[in-house]
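Structure first, then comments.
Chain IDs A, B and C follow the sequence of writing; residue 1 opens each chain.
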Amino acid sequence: MHIPDGYLAPQTTIPVIAGMIPVWAIAAKKVKNRVGEKNLPVLSLGAAFSFTIMMMNVPVAGGSSAHAVGAVLIAILLGPWAATVAVSAALLIQALVFGDGGILAFGMNCLNMAVVMPFSGYFVYKIITGGNSPGTARSLIGAAVGGFAGINLAALLAAFEFGIQPVLFTAADGTALYCPYPLSVSIPAMMFAHLLVAGPLEGAVTSAAVAYIAKAAPQIFLENQTLPDAPDTPEADSKGFFRRYRALIIPLVILILLTPLGLLTKGTAWGEWSADELRSMVGYVPRGFQSTADWWQAILPDYSASGGGSQVLIYIISAAAGIALIALLIFLFSIFVKKKGKDRDQK
Amino acid sequence: MNTTIFKLEDLTFSYPMGEPVLSDFSLSIDKGQRVCILGANGCGKSTLLKILAGLLVPQSGDFSAFGNKINAAALKKDAARSYHRRVGYIFQDSDVQLFSSNVREELAFGPLQLGLPKDQVLSKVDDMAGQLGIEKLLDKPPYHLSGGEKKKVAIASVLITDPEVLILDEPTNDLDPRSQTWLLKLLRGLGAEGKTLIFATHNLELVPHVADRAVLFGEDHRIHADQPVRQLLSDTAMLQRVNLVDEHFHTHPWDFE
Amino acid sequence: MTRNKSNVSGSGFIAGTLSRFSRLFENELYCERYAANGRLLQSLDPRFKIVVVLAYMIYGNFVSNIAVLVGIAIVAAMYAGASGLPLCDFIRRTWLYLPLIVFLFSLPGATGFFSGGAPVLYLVPASAGSRGLYFTSAGLLMALRVSLRTGDSLSFAFLLLMTTRWSDITGALRSMHLPEIFVTVLNMAYRYIFLIAQIGTSMMQARHIRTIGRIRPASDRRFVSNSAGQLFVRVHQMSEDIYSAMKLRGYDGSMISLRAMKADTLDWLFLLINLVIILILNLGGYIL
């Protein structure tokens, strides 16, 4: 369910990144205290594992994809905050190495797969498993259902995130500026793929992995360990669940508040303001802009009617000039780099 | 004169949620000794080596190294760093300990973490590469190397900090015969320099050329024999009893040259 | 997607994954090959590179003018060329995969069902009963726009990745105040991914050799869920050793590397030049 960069308006992605920053900070602190240095290899292994699992994906109508994540498995092994750290790391590596899911969309992808999924999945797991230890039949059912529930909740959120784009971000002529599919398409498309394929796979993988690890290497589970200075273990009673995770609520509230604020700036697409809009924004219109605008104004109405030939020529010349100028800049800079590079090598 | 470097007394160690691997275990190793640890798989050799290297902490018993008591508290941050500088450890699988982008950086890693200035580090790297004959590999990434080359780089990256003790876990695994001979010569050279060598191996051909003392583990995780190497290797009946060799094993006089 | 499927045999989604694994190795070799060749982008401070790359991505995300989006793509290609990256490969890897998929998946959104405006290309001609199935010009532009944005973002991400060592990227993130635990997890996870890829690949290949006939998707899925735990435990032991090995050599979370990170005139100039380039692009947006 990675969402590519082109599908999300920055007015939605940037507030989400801002809201995620405190979440990441809290996750980092919690993991350092609770999971400890001893479990760092397992945590990193979980991140690597999640990355690997996410590589097996199938594209889904609407532009996203369906795949298992492994977030609930990590939450069962080391706690949900550990899953946040691990899956965020996996998503970052993916965004950089494979370009899956975009850099600007990173906040949203983390929200879906590194926060909503492990926390909701772990919550369901705990409700079903109760006090039973991992490896028992109850825990395996809990793992399967938790995995299924977690991934579908995340998919629903993702569907919502890109399904609202065409509602909020359209050009003057009504075409979508970002994702073109409304909720009526995105939700069924995503949920179909995740309820029928990715969800069962996630549930099966989570459950099977918990079963195997509980038998072959039970010391991996955090609740089987006695850390010397652990304040409280994740398997405290569920009443404490909300109390403990209230730290999460504050950033989420910030997120929810910021998003409409970002949406208020939707207006006209950036950079395509007319002279009037520019004037009201900046206070004046740059003289060059005004005269060019008038010039185009004169020519533009005739475009569809008479020959677009000279028009196209002007377009081409302007484009070529711009590109040539940029190329010149880069070329000069690269020469400068080569020169400087010689004395930099002494370092 | 012999100074005891490692002293283990009544050690018990078990992995989390597992059976004890070592029980009431005692052993001491002197400076300059070249000790070979023998035994069938799973009898505790690797565990012992890791305890000596400061990687594992026993649940009970006393472990002292260089005259100091070693326990979890003693192995925190900076103290750990200086301990690891003095006691080098070579993993069975070289891939495990090679993680830099190229061989030069791999060798430079240790000295850099110790805080040495960069130009000093670079000249140390060149020296070490020359000593081990891996100058040609300096700009290559580690995963491009053959098994023997990886082992050389792994050893170089540990030797570069000039440890007093070198511990090797099954060093000849993944090595072709030529590299094995190279390793043998290297270890002999290090032993002659006065370094303390402790290694575990299945490769009985290697043993008499490098070690002067042999410690034999049985399948019950206890020491069955602790003798000078020739003596132990000549006692084929005992070696068979602990399931280390089968009835076809025998040594030759020239093995001990 | 890759032309060279290397030594991957069989079909189905596991084979697909296997080929992505081998692309992973290809990537790693690629990055190290080009990350140290001393050309344009390789000589710059990674922190500045990250800032500039982010700037282009954010700018591209806000812009809707197709000419500007194409311009951004051209800038990325120019930087690729100036940094010694093989242009054909670069363009193939960035444009021929994800942007193409995004374009194809947006095409239904370019039809009359989703976008208003005059029809420009008919798939099913209009008849007495229906308007027919057609693409609108606005819709096609939308699909183009969306895939251009994706490709632009991807191009710059690839530029960053291919011209910067992984340890430099994480080092730069660290110096930009990313909590140390994330940096440690990133570094180690990166290392473990290759480990998993190696062991996972041999597990999959071993299975492939043992299986006669086509492997059915359901069997594939069962294999995945069964072997996930197995793979995890197998890799786990090795991962502990890797961590021990790092600690033994003095690693305590932050890596001091041979390359010091100090900004100099070159880096600030780079920042300035890209500011100018973005302004030029923006101006072009008004004209075009």
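Of note:
What we mean here is this: a contact is a pair of C-beta atoms (placed from the backbone, for glycine too) under 8 Å apart; a residue touches a chain by one contact, two chains touch by 3 or more.
Computed from a prediction, not measured in an experiment: that's the story for all the values here.
Taking the mean of each chain's C-alpha atoms, the chain closest to the overall C-alpha centroid is C. With centres computed as the average of Cα coordinates, no chain lies farther from chain A than B. Centroids of chain A and chain C (each the mean of its C-alpha atoms) stand 14 Å apart. Chain A and chain B have Cα centroids separated by 46 Å.
Per-chain Cα centroids separate chain B from chain C by 42 Å.
Touching of two or more other chains is recorded for residues 191, 195, 242, 260 of chain C. The touching residues of chain A, counted against chain C in their complex, run 4-10, 13-14, 24-25, 28-29, 31-32, 40-45, 47-49, 51-53, 55-56, 58-59, 61-63, 85-86, 88-90, 92-93, 95-97, 99-100, 102-104, 166, 171, 173-182, 185, 201, 204-205, 207-213, 216-217, 220, 269-272, 289, 292-293, 315, 318-319, 322-323, 325-327, 329-331, 333-334, 336-337, 340-341, 344-345, 347. Only residues 29, 32, 35-36, 165-167, 191, 194-195, 238, 241-242, 244-252, 255-258, 260 of chain C touch chain B when the two sit together in their complex. On chain B, the positions that touch chain C within their shared complex are 50, 53, 55, 77, 80-81, 84-85, 89, 91, 93, 95-97, 99-102, 104-105, 108-110, 112-114, 118, 121-122, 141, 143, 157-158. Residues of chain A that touch chain B in their complex: 218-219, 224-225. Per the touch definition, chain C reaches chain A in the complex via residues 13-14, 16-17, 20-21, 24, 27, 38-40, 43-44, 53-54, 57-58, 61-65, 67-68, 71, 74-75, 78-79, 82, 94, 98-99, 101-102, 105-106, 108-110, 114-117, 136, 138-139, 141-143, 145-151, 153-154, 157-158, 160-161, 169, 179, 181-182, 184-186, 188-193, 195-197, 200, 221-222, 224-226, 228-233, 235-236, 239-240, 242-243, 260, 265-266, 269-270, 273, 276-277, 280-288.
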